[in-house]
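Dropping the structures in below, format is structure tokens.
What follows is a pair of complexes built around subunit A, which joins subunit B in one and subunit C in the other.
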Partner chain A sequence: MMNLGPLTIDLILCGLTFGVLSVDLALPHGRKRALGYLTAVLLAGLFVVSFFIDVSGSALSGAYQGDAWVLFFKRFALVAGVFVSLGAVDYVDRHFPTRQGEFWVLMLFTLLGMTLLPGARDLLLLIVCFELMGLPLVVLASFAKSEDKTGPGQFAPEAGLKLYLVSSVSTAITLYGVSIIYGLSGTTKLAELGGVGVSPMLFVGLAFALAGMGFKIGAVPFHMWVPDTYQGTSTPFVSFLSVAPKATGFAALAAVLILGFAHQKAAWAPLVLFVLVTSIFFGNLFALAQKDLKRLLAYSGIAQVGYMMIGLLTADAYGMGMLLFYIAGYLVTNMGAFLVLHAVAPNRSTITLDDVRGLSRRSPRLALALLLFLLSLAGIPFVVGFWAKLYVFMAAYRAGYTWLVLYGALMAIVALFYYLQIAKAAYMEEPTDAEPIRVDGSLDAVVMACMALVVVMGLYPSPFLQGAMAAARALFG
Partner chain B sequence: MELTHYLLLAAALFSLGLYGVASRPNAVGLLASIELMANAVNLNLVAFSRFQGQQTGQIFALFATAITVAEVVVGLALVIVLFRSRGDVRLDLAKELKG
Partner chain C sequence: MADLLNVIVYLPALGALLLASLPPLEHRNLKATAIAVTTLNFLLSLILWSAWSPAHAGFQFETNVGWIQSFGIRYHTGVDGLSFYLILLTTFLVPVTLLGAWNAVETRVREFVIAILVLESGMLGAFVALDLFLFYVFWEAMLIPMYFVIGVWGGQRRVYAAVKFFIFTMAGSLLMLIAILYVANVPTGWDFSWASAVSRNFDPTLQAWLFGAFMLAFAIKVPMFPVHTWLPDAHTEAPTAGSVILAGVLLKLGIYGFVRFAYPMFPQAAIAYAPIIGGLAVAGIIYGAVAAWVQPDMKKLVAYSSVSHLGFCVLGVAAVTVEGMTGAVYQCLAHGISTGGLFILVGVLYERRHTRLLSDYGGLARKVPVFATFLVFTALASAGLPTLSGFPGEFMILLGTFTAASPLDQIVNVPGLGGIRMAQVLTVLGATGVILAAVYLLWMVQKVLFGPLQDPANERIADLSVREIAVMLPLAALMIVLGLFPGIFLKGIEPSVQRLVTTVHQKAGQTYQADAGAKRLNWLPAGPGARPALQRPLRIDPNRLRLAPGRFDALRPEDIRRPPTP
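== the complex of A and B ==
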């Protein structure tokens, strides 16, 4: 009998996916809005269940491993799924009333890829999970098709195609790198990869594998798709796309670099350092020039990925723990920020500074939420982003990269400029349209939940930090 | 035939595909270029597998083929969507998003 215990959550999620698909068939037109709520409730239920079952151990002949590290990513994906289903349910109901079932099923499939991938301990399973995550995301990005030429679907085909091209080319590049790694080590098991010596060929293989994954997390110099896709696709979906796949990308990078090639750190550390430094630099630089807020947040996200990579660079339990804490904080902050933008302009894919101008008079609650999210992204004390930045800097300092701390802090000051520009428009300028904003109930609830978490994690970071550290220690056995 | 010959052929195929991705103005040509890159990977995997006398690489190539097929299906669907919305599949015209 095969031991499938470590895969319990994923198997349940797979069952739920087909369950939602069947319910979609049974529901008459006009009542399909319930599917969004159903998805949210099921995912929330699974999140609660994850605290009561034991998913540790090895499965599939050692190709799959369940531990605290993997469980962190599973819960992360489930929370992101709950937030996006509640945040997007109204949008999906208004714009694709007959196709809602497909939207949620695709969302569940991509979540399945995300929960499976961190546990993969074999390159083959890793690649398959990556695709299971990536392909539904492409379909979701172009979901609006061309039904409304002026609405949010206006740019969806182009945005979707750009994401598709980047996604498939990066898969091909990753696979090419992986094929070379396989050729050198003669195995696809991560734990046995490390036996090979450092050679130019290994360097090429690692560089290709890293380049492909760099595309997925949207790091410089593989970031070109990020702003275009964010601008062109629906805002609630972007809130998900900007957070969840990045976490999974980091899980994949950690699997290859730390579980596979920890002893060859000298070969990959310069690559990671280069990507990290350029991501922070160009992300912040390009963000300064943006007029479109989704493009601005896209570039700011590129810079944030740079900060997260510091954890990867240190390649120790402390650094990885800080990476997990950073990304957990980033989940609530960035999703919240995009969902506020969605609440402000629910029928457009392009959102500019004019839309948030005078927000404090049109909706004081949304304005406060936006302010807190921006402060958190900038790293101002007493919201979660401050601790996140502080702790990755501490990880860098402990690992001996003192100059990186100074560089990161300097670039954070540059970032302050464009974040506060938005806050200034929201609070200190006259609204162009004085009408109060009406927000859908569940979207409002998610924004408030994100805001509450940003504040709670900012005031009491220690339980979250301990959780992140425990998860990271599991990675190092 | 030595392993190196296969690897060089695969590297040439991969580079051709990459060049095609960067230079093709037509979406269908782009998909074909991506396919070329995927086949270079398969050639690599099968060659390594053959010369090391084990099957892992061949199984990997099967999975890689399945992944590529799934990708092309999504890609062609997207091309159809693009064609319906603007009557053309030239990508150099798809430049509405910038800033």
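== the complex of A and C ==
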């Protein structure tokens, strides 16, 4: 019998997806809000279950691998899924009351792609998983009422189309790169790629493969879709889109670069270095000029990706552990920040500084949450983002990239300007609309959970860090 | 007693939590609660003082437990003579300030007192931290509440001032973080402890870079000329309580950073660059004083006076002598009390007339005699009148700068002038700062209190209330105590400073003789046995320092290079 142990979580998730689909058929109109809660509960349950089952080992004749590294990403996707379901349930219920089932099923499918991918040890399986994740995201991004010409969905088709075009082009580029790699090595198994000698052709193949993944994580120079898509799509979905696919993209990058081409680091390190330096630079620079907060956070996310890539650049267990910690901190921080924006303007997809102006008067709790998220993004002590930045800097030091630490720190000062601009508007300016903000209960709960995690991970990072380090060590065997 | 120290550090933060969780309260009750918490904290620190042994040069009341073990980050706290009195100053100033600003803040009072309490915890934490990392964390933690204090409750241009304050400080501290990481990156892993950082010897070139990074962070905080530009804005726009805490304690953290971290960790660089630091300090003294003189705005005047007074502290530190450094720490205390008092008095006027312009006042002495008495008294203390608090510190600093034991005592060739004795020139120029201080402070006193009473609005101005007198009385008393009985504090400061100065000189490969009257340069290389800690040969190139020939007849390059180890 085939050993499907490493795929247990994914198989259960697949089953749950069809379960939600059937429940959707059975639920009458007007009661479909329950689907969002159901999704959240099922994902949370699966997250708990993931602590009690053994998913280590190898499956599908070595094409699939389960270990602590893979499990980290699976859990990460599940947590992101729980947060987004609770954060978006009210939005989905109000705007697409009859099509909630489709929304949640698509969400579960994209999550399935995310849980599957990190374990893929074959280039083709990797790309299939990428598409399983990517296509539902496109549909979710363009989710809007067809009659909706002025509402929050007015730009959603455009956003979805951009995501679709970029996504398909990037897949094509990746495939092209993979075909070159296959031509050189004669195999698609990651474990067998290591024997390829460093050659100009390998450089080309890697460059193409990396370009495709660069699109997914939204790194410069493949970032053009990010701000447009974020701006046009519904905010709760952006909270998910800005975090979860990035983690999966990093899992894919780590699989190709570290499992496949660890010995050819000389060929890919300059590419990674170029991408991360330009991402940090242009992300921060463009964020400075943004008036739309979702675009601002989009550019800040581009810069954050650059910082995360420092972990990848070091290509050792130490650096990858730091990368995982960074992504985990980024999950709670960035999702929280977007969800606060959503709570402030639940019926619009365009959110500007005017919306958060005087937020501390309108909702002290949301203002405090937003402040903590911004401080975390900026990397100020006592919140998780500080440790995240610090740890990647430490990893860079260890790997000998002292100048990169200096560069990263200087760019972090630039980032302060725009993060402070939001905090300033929220706390130091008078509201344009003094009405207190009413927040949907489950959305409020997610924001508070994110805030609590940002603080807890900020005050006591040790256990989380150790978890991340253990996961990273698994990647290196 | 170590526990008591930790309680003192976290009590304000706990008070802030308490205030945050209380149901809606009247403003009076919120302020009263905050004052009660901080007063209790002050009383606790007095208890700590009774257990404190001043003659002990090392750390007392230490706590040392693991925090983030995998990175060698420990929760290590303790106090010595350098930090202890600054802690007392902090716990004393905060309740006094809150009482002084009773009426100054009427909006969002709960947030205001929470910010002040968190700020107090941050400052105290930075003073007690003996782990580089812990220090950095507290150092940054002070930033956010202060940012809000300026930005939310400040004056007209508060947001600009707050952002400028934040960016300046953050820029400096990020560079410091990089240097901290560099220092902590030891071959066996990470080690952030202060003790191990101080016990190591870095290559002189490396030292220069690391010292530069630390110095920049601290110099911005002090603030030293020419990175002082955030201070006048921040001070002027901050509410009274913010200004008092900023001037009273926050700036001192810069000086404290010099003496606790930058100097003992990078002694060779500290001594090699002493002339530059001393020169900038004197530039700050004179620039700050002249700038203060021409300010039409009282608060700005006091702000620039801080630039000048803190210049003295930097000069004392740069001298690396026991007198100079003791004077610097003492001047920190004195300046905290007197400038705090000045800011409170300016705030009193502002609350009554809503203007800070000198030209709007005049002739107040007859209308508000009690206020006038306190203003004259505080101004004189700030100007360094003997018998008042400003005098002993400045005197010791100038003395310590003048002595031959200082690395400032070199002959520098100035084109056109020939060789000049740096220490003497710096001392003379620094001393003019004392005169200038008298000029601008008395100028302010004269403009506000004396002359004809022109503005009719000043006719109805009220004198100090009982509350305000209650605030000013302890400050005035301390100005006298600090002026007449400096020994109370000096006996605790000196042993630690002595230890620090000896360490710095020893690690830099010199013997330091505290004999200030020595005519000859005592700054001589010791025999190999006297400096076992020095790992690498000391490279001092007399040509680069532009020393005049003949002056160092006893000192030749081959003397400085450490003899090869057998």
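To be clear about the criterion, the second predicted complex is superposed on the first by the 475 of 477 C-alpha atoms of A that agree within 3 Å, B and C clash if a C-alpha of one lies under 4 Å from a C-alpha of the other, contacts with A are read in each partner's own complex, and residues count from 1 in each chain.
Heads up, the rule we're going with is that a contact is a pair of C-beta atoms (placed from the backbone, for glycine too) under 8 Å apart; a residue touches a chain by one contact, two chains touch by 3 or more.
Just so it is clear, the model here is predicted, and its values are computed rather than measured.
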item	value
First (subunit B), second (subunit C), both or neither touched by A:L27	neither
First (subunit B), second (subunit C), both or neither touched by A:L420	second
Partner chain in contact with A:V405 - subunit B first, subunit C second, else both or neither	second
Touched subunit A residues, subunit B compared with subunit C	B
First (subunit B), second (subunit C), both or neither touched by A:C14	neither
Footprint overlap on subunit A, comparing subunit B with subunit C	none
Complex contacts: residues of subunit B adjacent to subunit A	7, 14, 17-18, 21, 27, 30, 34, 37-38, 40-41, 44-45, 47-48, 52, 54, 56-57, 59-60, 63-64, 67, 70-71, 74-75, 77-79, 81-82, 84-86, 91, 94, 96-99
Subunit C - residues contacting subunit A, complex	67-71, 111, 136-137, 140-141, 143-144, 147-148, 151-152, 158-159, 162-163, 166-167, 170-171, 174-175, 177-178, 181-182, 185, 190
In the complex, subunit A residues that touch subunit C	360, 375, 380-382, 386, 390, 393-394, 397-398, 402, 405-406, 409-410, 412-413, 416-417, 420, 424, 427-429, 461-462, 465-466, 469
Residue numbers on subunit A that touch subunit B, as the complex places them	123-124, 127-128, 131, 135, 138-139, 142, 145-146, 149, 155, 157-162, 164-165, 167-169, 171-173, 175-176, 179-180, 182-183, 186-188, 227-228, 231-232, 290-292, 295
